[in-house]
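Chain IDs A, B, C and D follow the sequence of writing; residue 1 opens each chain.
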Amino acid sequence: MQAEVFDTPDSAVADIPDGATILVGGFVSAGTPSNLILALKRSGQTGLTAVANNIGLGDLLDELCEDRQLAKVIATFAIRASGTRSSRFEAQYRAGEAELELVPQGTLIERLRAGGAGLGGVLTRTGLGTMMAEGKQVLELDGDRWLLERPLRGDVALLKAWRGDRHGNLQYRLAGLNFNPVMATAADLVIAEVEQIVEPGEIPPGSVGTPGIYVDRLVECEPVPVRWDG
Amino acid sequence: MADRTPPTGLSRELIALRAAQELEPGSVVNLGIGLPTLVAGFVDPSDEILFQAENGILGYSGISDSEFDSDLINAGGQPVDLVPGASFFDTADSFAMIRGGHIDAAVLGGLQVSAQGDLANWYVPARGGGSVGGAMDLAVGARKLIVAMAHVTREGESRIVEACNYPLTAERCVDVIVTDLAVIDVTEHGLILRERAPGISEAVVEEWTDAPLIIPDDVPEMSL
Amino acid sequence: MQAEVFDTPDSAVADIPDGATILVGGFVSAGTPSNLILALKRSGQTGLTAVANNIGLGDLLDELCEDRQLAKVIATFAIRASGTRSSRFEAQYRAGEAELELVPQGTLIERLRAGGAGLGGVLTRTGLGTMMAEGKQVLELDGDRWLLERPLRGDVALLKAWRGDRHGNLQYRLAGLNFNPVMATAADLVIAEVEQIVEPGEIPPGSVGTPGIYVDRLVECEPVPVRWDG
Amino acid sequence: MADRTPPTGLSRELIALRAAQELEPGSVVNLGIGLPTLVAGFVDPSDEILFQAENGILGYSGISDSEFDSDLINAGGQPVDLVPGASFFDTADSFAMIRGGHIDAAVLGGLQVSAQGDLANWYVPARGGGSVGGAMDLAVGARKLIVAMAHVTREGESRIVEACNYPLTAERCVDVIVTDLAVIDVTEHGLILRERAPGISEAVVEEWTDAPLIIPDDVPEMSL
């Protein structure tokens, strides 16, 4: 149950196939695997589906649109409400070159959690009576109506943590957790960039945010500075 | 309607200030992106209001002036300061908190609010695509939902309508509407005008509201 | 959002009404609110439903059967497989004086989580084709069969943590987490016994196991030594 | 059948030892209560097998001789020692791990296993009530399920049966059965005898197995 340590983010993502579904951790600037995203850009895979909280909001995911690597995005923030600034993804979406599936944030995380936890779905009120309910099963139970949301998984997950050890244990800092711990459970191949690789035991057992068994690959990188200015 | 000139009401900052007055001391509050984030700047620290950011923070005090730390941001990507007793958690736990009814109040922006309290705030049909973020979960889960928005669009159309023609965020979820012109309660009897912005008459509020509005006697001006 | 600090476990549980449904955190000896359980015994409420991982396994929940306070138990371990040792609860169950609802552990925690997270239920394979599926809805989705499990909540939750602060933040130690963090989210009144009450900020924000908003009452007590000898 | 004397096979400890041999180096393993907990004592530390306890520990090495700490126990309530790189989590995360297919193997006790690999291990009809614990989730979620049990009941009845008459834990979940008499694989072709306990013939295993058993040529004795 050792995680494989890679020397560079490029080598860690090199064998991701075209057409893969990739879960990308992070929330705007926090806990976002920007080194791995940039490596994916250099690596040049195409036809990818990205599952992430946001695209084009200070994250670097939008960089993957420069060479049209993204066929589809599943996200909660994708198109800015005001038209004053636009992302590459927005342009490709409007041109019909990339698909968008918008998912409420609490539903996105529950679908990912279900995918990682072996659940067949969850019932939520979120989205009832809205466009999000279109084509979805509604259950009426004891007089309440619930939307059935199905699991979501990735072929690959790209994560960012603070520290990692050779067992794959990850420790997050501050609000860097967000989507990372759940995405770690919901993909076949889990790749994490960390600021520091430490010896097993250096991360206290109570401070492990993602137990090592979920993580397949680790790469130590200086974080890419990212900031969203609205 | 578009050929009339909308009245000049409160600034964005004053809408935020008035919305802040709706928050109970000691309550747990989530602020939406945009105008609502300004609300954090207008609460009295002695009220010990605890702000939750859906990206995984309970207990930030406001926007930070310190050096930017990319891992310490609110849901709008802004740097924040923490209060003693703050905590971090992941998105699953954050939305369990929101959807599970553990947030006392949310302040969200709005595009339209209907007479029944339906909210539309995530999708501008003319632009398409949209960004939903946590709005649908907050609208469904927060115990009290305050919508803070401009009363009238730039094109001169009321944002308070009989029925929303923008796609909904959630049905029958809004409790209070705070605009540049008025404070309006959404009740089982309909929309009730509670306060007018300084210098704005009941008649002006009614004129720019495209839904039936109950106007009690002697509607006071806001005290800001 | 201050948690109310009580001087004694007895005063913290005194106003729990007869007939209440009580979630009891802990797993055998770990993270078990034994002081609060013993206070409930002294307090004498009757007709209670207890929701807990186990009863009669080194925990003190079985003490509540001495004065027949439990009308029903919802648990994962309740009757020992071997008949060599028996609990008071087992005797009352066999005499038809107390009800038992046995729930698989992973299902019990998901039902509680759904109750706390505003979900209407979850779909699991666990229990399909067994007695646990009796009377429950089965959904067939894309060729797979899933058991629909509904949310579970309590009127009261009794928790045990290591440290707590006046905001109600709780920090657990070692394997003391178990059912406690989820139960904290799924009851109307949440009472926690802690070994130590500290100032807000002393528990690092990344080490808070239960955010303070979930906790209504705190009481500092010396833990009751408990051990299960099988 | 009850009037015959069951053969004497492996001790509980040797069943655990043989079950331990089924575990892959580097794998993540959950051990059920009772006999399976003994398995931890028979793995080679250099194999770096990581034990998961469903009460919220990944990475305990075995039963501890140190002073008892009530917060550091496995699912059987026994004190455990941790390996470097261990972690703690709550029950929700623990069963996400189990149900989600992240545990390579589980070793559970059994009351009955059927020819199709159905497992019954939580409810003795004569006693009623029962204790299910995490068994149903482990049976459904573990990638490989090893059942370690006595081949025959004290009353002389085979625990390996055509169809279980005890209430099921899960259907078609068992991969390998390790008993005091034999190692049997559950395959799509049926039950296949892989190994015999020392001194136990194929015929004896067959005699005490109440389900069709495929017996290849030259079934080896276990090497313990």
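The working rule: a residue touches a chain if its C-beta (ideal position, glycine included) is under 8 Å from a C-beta of that chain, and two chains touch if they have at least 3 such contacts.
Computed from a predicted structure; not experimentally measured.
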- Task: State which chains count as neighbours of chain C and simultaneously of chain D.
- Result: A
- Among all other chains, pick the one whose mean CA position is farthest from the mean CA position of chain A. D
- Note on the structure: Contact tally winner between B-C and A-B is A-B
- Query: With chain centres defined as C-alpha means, what is the inter-centre distance between chain B and chain C in Å?
  - Reply: 37
- Between the Cα centroids of chain A and chain B the separation in whole angstrom comes to 28
- Computed distance of Cα centres, chain C from chain A, in Å: 33
- Gap in Å, rounded to a whole number, between the CA centres of chain D and chain B: 56
- Message: Using the touch definition from the top, which residues of chain A touch two or more other chains?
- Response: 110, 113, 118-119, 124-125, 172-174, 205-206
- Sequence positions of chain B contacting 2 or more other chains: 88-89, 95, 98-99, 140-141
- Task: All pairs of touching chains, please: list them by chain label.
- Result: A-B, A-C, A-D, B-C, C-D
- Query: Touching chain D in the complex: which residues of chain C?
  - Reply: 27-32, 53, 57-58, 76-81, 83, 90, 93-94, 100, 102-107, 109-110, 113, 124-132, 172-182, 209, 223, 225-228, 230
- Message: List the residues on chain C that touch chain A in their complex, please.
- Response: 110, 114, 118-125, 139, 141, 144, 146, 148, 150, 172-174, 205-207
- Message: Residue numbers of chain B touching chain A in their complex, please.
- Response: 53-57, 68-73, 75-78, 88-92, 95, 98-99, 122-124, 127-137, 140-141, 167-171
- Item | Touching residues (chain side chain D, partner chain A) in the complex | 26-28, 48, 50, 58-59, 82-89, 95-102, 140-141
- Note on the structure: chain C residues touching chain B in their complex are 1-2, 113, 116-119, 165-167, 169, 185, 199-201, 203, 205-206, 208, 211-214
